[in-house]
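Sharing a structure, written as structure tokens. Questions coming.
Note that the chains take the letters A, B, C and D in the order they are written out, and that residue 1 is the start of every chain.
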């Protein structure tokens, strides 16, 4: 993304050409995406409280299991992959509500749709920002949760890697659901109903890869399948999300 | 006849399964006809009272 | 001028049971301003949103320079500026940051141009404040600064003078007059009087 | 020439034409469906020989497999109609997609219940996390999501378009979900006893099944035709042809 940082002089030279007959020189797509990303990150750090919510939720859900199942580490270790992934899935679902909501209310999405830039690309940038703010922190926090469930420290790199790939897919798939439920008053339960069934493959491969990582064996096979899902989500989900946003603006 | 109804001891599973499926078929017919009847009724009402649109 | 810059042909649109646009048609040349009037709920906003391609009419089409805008929406969008009655501003960014991110997505801007536009709408003094601390009229002025920065051939404005004091309305008038003078076209939806500096070439009244 | 070939498509897209066509076709589809279903069930219950392993218990196949088959076929029909509606902005295609969902959901419920009733004597439990049953359960949630999303909008047009997009996304996902469930299942247990389409299935057993599959498909078509008429009437409230059709 940094390659697009062109010297200011080029921009200035271009703006002087603006006249009434032709549209002002439009910003290149990458620059538009980078600005969108920067804007969302700036906004998120102005409202840090919202950032912590999904992480706290993740920690809480993980904590429920020792209390509900048993404090024996041996038993907890057996269910640790499932606990981690169910908690991650629910935490990322919780965070999804914030993804497009504010921008829909104040008309920013409308301006994006009318910017002449590819809406797909701008929404991809927004989803990347969302992943950096929720998915990545979840992936980095997962090892601590795992160790509290009796997982040995040797599995930490594997868990982080699998979580990173999985949360990318989850954020992108979730973006479709978040865009579809825009403009509804109470969308929480519906968002879950739409998003969870199509997120199940991520859960299946993610939990299996984590299980293998914890057992200390090779988790390449499920990780590859997980990565394939992430690639598919990167290519298709922003398209679907852009179509959904346009529908919500109609 | 009773051997047929008994279904080789599987009666408790076979007959409910068939009943449920038939029930779903019948429900589908009832729902579909009901929704068409409602839509027709609404359309007739609109025709009877000339509304603001037409 | 054989081809109008913007042309609407028999636009028909329903919202649920309501027939909102009933065959709206007009032509608008370069340097001309069309004022759309009508009571609340007559469909002024719907017409603007249909013109800019957010809503799709069930019948009819919108032409820009004689071409159906649906054929190349991105190109059409980069030649227009739509300003709804809510300014697309984030409460947790300053006025200046808001403007930078908003306009920057569409076109390259130099910081000097940004500051000049803010000064022009009288926002220089408070442009570093967070938008959540600004009044409704001040937010509107930030939106006007965005307008000043966009050299789009077509402006679609929804109630541009709401919440503005006399001085703010003068700024709107000056901006619109400038846009018309350089050959741009304006469609403005308002039930108020247009600012004195602007003369509407025609008025389209929508019946509810 | 190309225009000539597409006229049937354009005519189908016209609500009054499709409305009249659906009304005319319904009996031609409904009666064969009824005959095939009654005949197929009789053949399945009486004529087909008992299975050498499962005895009479296998006869649940004649209601379970057609239901499961319909649950998928209806979803595919819905997804295709939704895609057509999205791409060509065709109202009647959205009417078809919206009509499909409740039918498909009801067949999915039937497949789940009959699967469970079959599972009890075969596995000894009412519910087994068998890949087919699990996929069927997920399919039910996909249907419920589609109907829930549509219900969330007041405006039919937006409900149509948002629902259609979800249906297309779902259609892309159904095979992915299905194969990942199979993959997941292969890790955790031995292949299930419920195996269909065995090449060894004797013709006397297979024939009623094929008759029922055809019968259920025609039944779906008949119900769909009736439902589509209702949906078209709702969508075309203000159109003049409705008055002409109803008075005629």
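Heads up, the rule we're going with is that contacts are C-beta pairs under 8 Å (C-beta built on N, C-alpha and C of every residue); 3 or more make two chains touch, one makes a residue touch a chain.
In this text, all values refer to a predicted model and were calculated from it rather than measured experimentally.
Q: Please find which chain has its CA centre nearest to the centre of all protein CA atoms in view.
A: A
Q: Of all chains present, which has the mean Cα position farthest from that of chain A?
A: Centre of mass proxy via C-alpha means gives B as farthest from chain A.
Q: Roughly how many whole angstrom separate the Cα centroids of chain A and chain D?
A: Chain centres of chain A and chain D, defined by C-alpha means, are spaced 34 Å apart.
Q: Taking each chain's centre as its mean C-alpha position, how far apart are chain B and chain D in Å?
A: Averaging C-alpha atoms per chain gives centres 15 Å apart.
Q: Using Cα averages as centroids, what's the distance between chain C and chain D in whole Å?
A: 48
Q: What positions in chain A touch 2 or more of the other chains?
A: 250
Q: Would you pick out the residues of chain B that each touch at least 2 other chains?
A: Residue numbers touching two or more other chains: 53.
Q: Could you list which residues of chain C touch at least two other chains?
A: 17, 19, 56
Q: Across the complex, what residues on chain C touch chain A?
A: 49, 52-56, 74-80, 82, 84, 86-90, 92-93, 97, 101-102, 104-110, 113, 150-153, 179, 182-184
Q: Under the definition above, what is the set of chain A residues touching chain C in their complex?
A: 8, 11-12, 14-15, 18-27, 31-32, 35-36, 38-39, 42-43, 46-47, 102, 106-108, 110-118, 122, 246, 249-250
Q: In the complex formed with chain A, which residues of chain D make contact?
A: Contact set of chain D toward chain A: 86, 138, 141-142, 144-145, 148-149, 152-153, 157-158, 161-162, 165-166, 168-170, 172-173, 176-177, 180-181, 183-184, 187.
Q: Mind pulling up the chain D residues that touch chain C in the complex?
A: 89, 154-157, 237-238
Q: So in the complex, which bits of chain A are touching chain D?
A: Residues 176, 180-181, 183-184, 187, 190, 193-194, 196-198, 200-201, 204-205, 208, 225, 229, 232, 236, 240, 243-244, 247-248, 250.
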